[in-house]
Amino acid sequence: MSTLSNPEAEALVTSTDPHHPANHIGELCRNFYSHGWVTGTGGGASIRHGDHIYLAPSGVQKELLRPTDMFVMDYKTKEYLRKPPVLKPSACTPLFMAAYTERNAGCCIHTHSQWAVLVTLLCEQAGSDVFEIERLEQIKGIPAGPTKQGNLGYFDKLRIPIIENTAHEEDLKDSLEQAIKTWPDTGSVLVRRHGIYVWGKDVAQAKTQCESLDYIFQLAVEMHKLGLKWTQ
Amino acid sequence: MSTLSNPEAEALVTSTDPHHPANHIGELCRNFYSHGWVTGTGGGASIRHGDHIYLAPSGVQKELLRPTDMFVMDYKTKEYLRKPPVLKPSACTPLFMAAYTERNAGCCIHTHSQWAVLVTLLCEQAGSDVFEIERLEQIKGIPAGPTKQGNLGYFDKLRIPIIENTAHEEDLKDSLEQAIKTWPDTGSVLVRRHGIYVWGKDVAQAKTQCESLDYIFQLAVEMHKLGLKWTQ
Amino acid sequence: MSTLSNPEAEALVTSTDPHHPANHIGELCRNFYSHGWVTGTGGGASIRHGDHIYLAPSGVQKELLRPTDMFVMDYKTKEYLRKPPVLKPSACTPLFMAAYTERNAGCCIHTHSQWAVLVTLLCEQAGSDVFEIERLEQIKGIPAGPTKQGNLGYFDKLRIPIIENTAHEEDLKDSLEQAIKTWPDTGSVLVRRHGIYVWGKDVAQAKTQCESLDYIFQLAVEMHKLGLKWTQ
Amino acid sequence: MSTLSNPEAEALVTSTDPHHPANHIGELCRNFYSHGWVTGTGGGASIRHGDHIYLAPSGVQKELLRPTDMFVMDYKTKEYLRKPPVLKPSACTPLFMAAYTERNAGCCIHTHSQWAVLVTLLCEQAGSDVFEIERLEQIKGIPAGPTKQGNLGYFDKLRIPIIENTAHEEDLKDSLEQAIKTWPDTGSVLVRRHGIYVWGKDVAQAKTQCESLDYIFQLAVEMHKLGLKWTQ
């Protein structure tokens, strides 16, 4: 593995700009913690900054992340330019890389949202591996996908593929990549009994899509409790 | 379109007063974000300041709004005095203008509250286009309307009209204006599967009315789950 | 009405001590707002400080209270020593005074908690005017009352009287006073479809009792949804 | 009881390091308060720092804890090195000590989480004294226990023993110690109608385990409402 000399590696995570990825990931994760998306040490976030992929580490409290906790990977060589001592790279890394390489993403988010998990359980109960819902204004917060333009419309049906969970997070890579190919316009993939992977062209698109999805999942669970159907 | 020269336009959003609309809208939206009212880039807020209508832009993260993100429209000419570069005016604008012109409002709020959406769905299930509830103290937080004085009383029935959602937000204008005419005392209109528009004579009245309504909608959903009736 | 001269009245609400009532009430209300207890302009709080009763005003946003918004009443003469211009005294005032005079309270809290309201509705459905629950550890957070010592025990049944709501808040005074007499050990009274009044010897006892009750009400509602009984 | 001289005792709670136990316990409790884990004066937290056991006091508002409120006990002699005047030691102390001595814990947390209580009630309804759930990714946030390595896997069943509540918290000591012996790999014990005790080798492990458990309990309650089974 080629690594930069130490001062060069430290420069990668040293910035006074709050929107620099080394600072931004921590800020995002503190927000996500308040939503219950990264409870325990679950979930994660990553930002692409030119050819540098910034990644939150594995197994740490996400709401306490500091810039010096960040891993930095070279997008082209897939080698780490910076590895914080002691910490381990996130098991999400190969999954995030799939979104970066297959979809040219600028930001990837993984949450353990309880609403996402409940939606996958309700779909399992119904024998389905696709979450479908329609006629909700918030659907307009979801990008239509790379083969289309803009966001979904109010009369478009939202469809999110669900893949089955595996013993080890990195083993989700193949089925996630398969889902990305099978669903060329999806910007997210649900993982049964686990959570969701969401990506976007930049932080704003990934984060707001993730928020809109979580809003829709919570609404879907409440609708189910009230006997209201997700689709006509 | 007539526009002010740049320094004059910038002066419209430059103030050290936290209650100046250019600052106040951002503060309101950060509060609304914590309530789940402006998730993703949903919802919005607007304040009238003399003949200047301040409007949050479309499609941005509402909890991150800065004064320089604000659009300013001349109330009389309906022309923009200030348009932030890059940003788009909110699709809510014609709807907010209806409340400003028809009701002499001082502040308009649009939320995607999940409780508001659920209430419209429960009413749809019951074949109703009016949300009705009675005998809750919080009803006293709702203004009685321009043809009456003060707020609703404990023994008054709260009635909020529901209009059907449309593909494009601006297309709600006609049905919203119709609802405003049909319901001369309402200070809010629910939009099926979408959310709610609320207005008041000033920020305090619009915001506290919006809070009281959201409280009532959440309570109504919980009551429905528990088999408790909204009206006698 | 006798009033102090202006500088003397202002001195009543001027202190750098965060625990001075003029500061403390605002801090409490910001906390209560985050719990959903003072939504809209609902609810209120009051602290006794020697012979001075501090009271939050009526009809204002409770999370924005400033020291200069406070009313100060003389405990003995029941006359206002300080009345902020424009603002109106809280309609809770006669109810808080009942707790000060009948129970020698040091702090009174009134919330519109949705859990409290739901509990009164479930009791109404069951034809009961007393909320009863037993065998929850959190019951130990409720004072046993003036004729006893300390707090309730785990095997004590918690019983909170419920009075019927009235058109005007001040009209609750008689039934609240009656409930205080009929239930000599209660530190709180529920108001049907409205909320709860809670008092304690000081801020800590009133606030922690109010929190424990709200915790129990929320748990009771969830228990009801799950088919779990409140009492054996 | 041997006690250090006053300056030595004060030095035990005086540090500018936010991770010093005297500061850290208060920070943890403010976080726990926002989760509803230490409502009223419920719950508590303790950290071992070498041979010094730091303990939050009994019966106080946990979100307001200051370093000077902390009790410090000598691990070997079980004598208090520092006792704040007025305050009482937590009734949790003998329970926390069980985890310190039997499991070599570095941090102990006790919460009154409503989700934990509801799970114990649902188990009671089913006649069970063990909470069991399987196939949830968040289970991987729970340590496998001292006789194993690392954390539970996705295909491991999570099993948490439930002990019956007692009139006095300190009387839980025997059954807690028994549960610790009977369940040599558990890092937590549920107390029926009361809450949960969680411990870990350090603050991070105890806190993240506690968060993961609470996430799982909430999910379990929602699953139950939706007719979804906890185990196959």
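First chain written, first letter: the chains are A, B, C and D, and each begins at residue 1.
By definition in this document, a residue touches a chain if its C-beta (ideal position, glycine included) is under 8 Å from a C-beta of that chain, and two chains touch if they have at least 3 such contacts.
Predicted, not measured: the structure shown is a model, and the values here were computed from it.
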Chains touching both subunit B and subunit C, listed by label: none
Quick one: subunit A and subunit C, Cα centre-to-centre, how many Å? 44
Where subunit C and subunit D are represented by their mean Cα positions, the distance between them in whole Å: 31
Touching at least 2 other chains, the residues of subunit B are 225
Line, ring, star, complete or other: which one describes how these chains touch? ring
Contacting chain pairs, sorted by label, are A-B, A-D, B-C, C-D
Mind pulling up the subunit D residues that touch subunit C in the complex? 36, 39-42, 60-61, 112, 114, 117-118, 121-122, 125, 165-168, 191, 193-195, 221, 224-225
Touching residues (chain side subunit B, partner subunit C) in the complex: 135-138, 141, 153-155, 204, 207-209, 211-212, 214-215, 218-219, 222-223, 225-228
